[in-house]
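When the chains are written out, they are named A, B, C, D and E in that same order, and each has its own residue count from 1.
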């Protein structure tokens, strides 16, 4: 049964919520979520690439030959990633510095290539856009949530672009930041526990 | 064969177009990127070193050719006089180069400070070099003539515990900066007059 | 290879030999008291409080997770209490309550229960928890600052800090007999060397821990420390010092020997122990961390599945 | 920095998987069985050494020279993807035995962040050619080592009675975290 | 801008060109079916099939290493589509199946109720092999959890039971079992496995020349699973009806039950289930692996030939049997009299073997009706010789050529073939083996008045089966012990009238431990007989050699048998294999059956291009030390089931079968006497 555009969009928010439902694209999820800001930034960058590449691939799907489709997808995605990279350098340089190597690595993010291969190459432009946007927003939400949890526990406070901030220390003055959470092992364990939570809710 | 040609053509055209688009974007953003780099990478370090300067050191930078490379010196005016410069040098850390911004007072030939600009060290340990003032604060006031090493190597600088290599790299960078300064002092003095005006 | 030993089977009916998890836990708890009681005398009521808090919270966490996962209540086997006890043995007496509770959460819940309970944990739960809390609140577990308010009749500096920062000559004042009798600062139950040794020997004789692991762990420490010492006697302290300071003894008898994260066959046990010992000294001498035991135990836990692959071929393969 | 330190750092201290978070998808995907883990590890070593050096050469001698560094991402990914496909075809034809052992894992490598990541890191850290070669090799060895150790643990965890919501990926991630913690042991050793 | 476009243009062009040329240069012919199959697979790379990803699975399917239904995710629709691509039926490749080696003792579970531990690996790590039973199943079901296909369950006995239908052979259970109790093998691998030193074998199974897993089939009988018992026996022995009747059951001498009371009547149980199948009116289907297209000539249709052909067929090869006699069966048919093994029974059994798709050619004799060269020319890939030992030894005494003198096998074969033989009234049969006894008992049934059995040692030394000796005593045969024939006495019509023999006495024991008979000077005695049958042993008849073909290269031992590598049955000509009496000299039927299977294994190795080597840790005529106990405690003495037989009066005048089958009640009782000393623990009585 063909889905409506709204359905294509919303499925990315829960049913196929990356990275929890589709267990893909874990590297940035683990690597950049030391703070909520980083997570959201990474998510938005990925969303941009997802939507852009989905759009272009969907447009060009009749032109791209089956045999070199992966190569073509990669070129298109890489182009979008480079654009994001340059734009971020130009306008959000501190964020770019924090995300570092993970920005060029969007190009090998399984989610992006996976959507291109599994969805955009087979569907028309509007649903591809909706799909890309939905998955991208889901991804951004997940990263933001993970980043928020890690930042809150690890630093005792959450700050997003200076505008929004919450300090745990004001509520619990004796709280000592649990810095394990912002280190590498904490990333894995925190993601594992969140995945467990999502599974438990899903059941 | 036809198939092959089509494959090659599609790939080539697609990558050429991508190349073109990217070149355009790059061109459009290049100046903005440079400004951002100065502002966010070197800016904090420069401002820390030249704290209290009456001018904007980033704006008042001077370019001097050092062999093949062009070096930027950021000039700070204190008491209305352009007598302090800050410039960057690099030392090999564990994960790559560590950039250290070094400030020198031209009149007294003494270090006014040092600050880490870029590093790719292990988070949590090597990164302390940037955030932990205990290392860089030791440089303040040292005469530029010495070469600096960490205590473990028989020198005078106390390394950050657990980050000896990083500390060593910072020392190397500062020592290099001092050599550069001594080598280029005449040119600097010449150029700095222009700023002073 | 065929071995007649393996084929010595006896016939049914088989009876329970009376040993059980609870008796095992009881015995290890008993053995640990040999080190914990002197520790409590040294550090006073605060130490008793930390131990009690640790054991109690470990049991509560286990109860809670039993309840949440709707599994039979398993605190009766004493394993949670044991984890709490071993965790407490490593803590300084000044550890605040919330650090203890967080630690036992990581030990019991993350370290053990989520893997399916006893026998399934890949890493030693107490070590895991200790590493995590140490990583998070390093200043709480820096023995020098943590135990600053205590007055001792001996040199109240954590020996390993001295050896790390100032080389071998700095630790010369420490007499080995003093170290053996607990005249050093450290965790509540990890400084009284003679008590740990007696407890360990008791457990080895009763068969609750494998002597192969403990002995090879100590041998690994000895050999590696000796090697470093010969290489540069100025910088690296001798084997006697390494054997009696930090978590060495508790590591050899209580940490490395944990059942489900250690190998079951002879040769793997030897490799496991020696590797752990050698890594400990390496971390102490050239690594970042002050004491290497915790990380060394984690690393050998990690290679344990690979070591376990070295095993005699089982009878019954084929046909 | 000497090569010995570089090697230790690449394998243990800055392990590509556990410290840099690169290559997690195949890490979780191919570590269920020891044999697949070994095969994947070998394939990554094989490809990474080639990709690491070729991208380094292209970057240094073409991109830098012509001022095209911003094309790094697109150049690298195209090179890696083509290389992987080329190697796959080459092995299949010329060394079928090797193909059977590690060739089947090659398609998984194209989208392996670890390969792309190491190529980018080689550039970012301004390695010399030899350093890039050594770093690529030993980052890959570190990847393989982590994979094999992880597979050893996962084979055991498979048998444990893990609570339902934690099963599979969730518990695997938590275990990976513990391995990552254990690898802290090597901190400061270089 | 220009550089950028140029660079990406070049990059795209170079990569595109290299790849498209590479795809030509490194083009490997790949079965187009692989791509088609791969498209039909789920594409999830889940590894559930046991292969590394879907493309590997597709290759395996096309290479027929995996069945069409290998993928666990796709539905039946895709499976049948794959089957259509493959031009096969779904699931033709021989699947791997899991198999539980351990069903423990009845009370073994009691040992494992420890509080708190709930997985096998936990128990292993806690008790680290320091338990009394260091080998057996722990029963906590790690294997069950490891199985992704729901094919394993802990059965009512507390041990894992494999659902053969659901098992895909992924090996997860094998890997999961800390005790290595489970194994995953194809049927072929199991059929061809020879007992090895590191197998867990009961003493009886170590002793059986056919290597039957005796405790297992007795276990099946105990549970009333007679078909399973038949299948277990058929994994090792295709001639269970015949063996159940004629096997001298060396296994029973090693039965541990025999230490305390009497050995389990193992052979009777085998006969019981074999007869159960025959009398049930239907044949239990026998699994065969998919065809390999290799052909093997089997020269000689006796037990060794039939066994070899049976196993070759079951693993997918095409044996053809060439038999010199009019019917298959060899010594079973022509050497064993009707009253021991009815021809009807033998026919039923041989039919079952031939029904698997084995061609047979009877009445064709190698060297006479066809020669070896033509055999090879007609495309056989290997040759198996099982020509038996049909050449009777002569006594070498004067008068052996007189009328009324016969040799044992020759005589039995003539009777078996319903040829006319003039039979005397008083007959002397010389020899102490089974052939001699068979001759005696056959003669009785042919109406002979008086039968003497002349043997040069005493009853104790007679090599014949004890039951046979006892039965012949009941039937009234007169034994003349310590008598060495000296000459045959005849009359002028060249007719035998008597046998002159020397009386003997026992002297010092010889090398074999038997006391050597020494003739007593001047004790010549004449036995008044009109017919003499010499049954003192046989050797193979190798008259087909010497025709100038490769058979002449074969090494022949001084006993006139083929010289073969004992562990592989291979001769010095690589594609010729031999087993049975023609390789070992006269031996038991069950030896020939075991030899046939051993040869089938070697032939399979040879045909698949692998080196023909002995199985590692091969257990050849040896016992594993440590499994043969001095004492067994805890046994409540129970009598062994008596074998029913026809009363002497009812059997002496006809060729009716003498030994009868035991009842089901007795079979169940007897199977319960088995201690199940498989590998785990004894099933001692409470």
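Definition applied: a contact is a pair of C-beta atoms (placed from the backbone, for glycine too) under 8 Å apart; a residue touches a chain by one contact, two chains touch by 3 or more.
Because the structure is predicted, anything quoted here is derived from the model rather than measured.
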Chain closest to the middle [Cα centroid of all protein chains]: D
Comparison of B-E and A-C by number of C-beta pairs in contact, larger one: B-E
Per Cα centroids, the chain farthest from chain E: B
Centre-to-centre distance between chain D and chain C (centres being mean Cα positions), rounded to whole Å: 33
Centroid distance [mean C-alpha coordinates] between chain E and chain D, Å: 52
Mean-CA-position distance for chain C and chain B (Å): 47
Whole-Å gap separating chain C and chain E, where each centre is the average of the chain's CA atoms: 56
Contacts with two or more other chains, residues of chain B listed in rising order: 7, 11, 14-15, 18-19, 22, 26, 125, 162
Where chain C touches two or more other chains at once, by residue number: 110, 114, 116-117, 119-120, 132, 135, 288
Junction residues of chain D - those touching two or more other chains: 19, 70-71, 74, 78, 82, 124, 155-156, 159-161, 166, 171, 174, 178, 181, 184, 187-188
Chain E to chain D touching residues, read off their complex: 3-4, 7-8, 11-12, 15, 18-19, 22-23, 25-28, 45, 47, 52-53, 55-56, 118-121, 142, 145-146, 172, 175-176
Touching residues on chain B, where the partner in the complex is chain A: 3, 6-7, 10-11, 14-15, 18, 21-22, 25-26, 29, 32-33, 36-37, 39-41, 123-124
Interfacial residue positions of chain D with respect to chain E in the complex: 29, 32-33, 35-36, 39, 62-63, 66-68, 71, 74-75, 78-79, 82, 85-86, 89-90, 92-94, 104-105, 107-108, 155-156, 158-161
Touching residues on chain E, where the partner in the complex is chain B: 1, 3-9, 11-13, 15-17, 19-20, 23
Of chain A, residues touching chain C in the complex: 174, 176-181, 183, 185, 189, 196
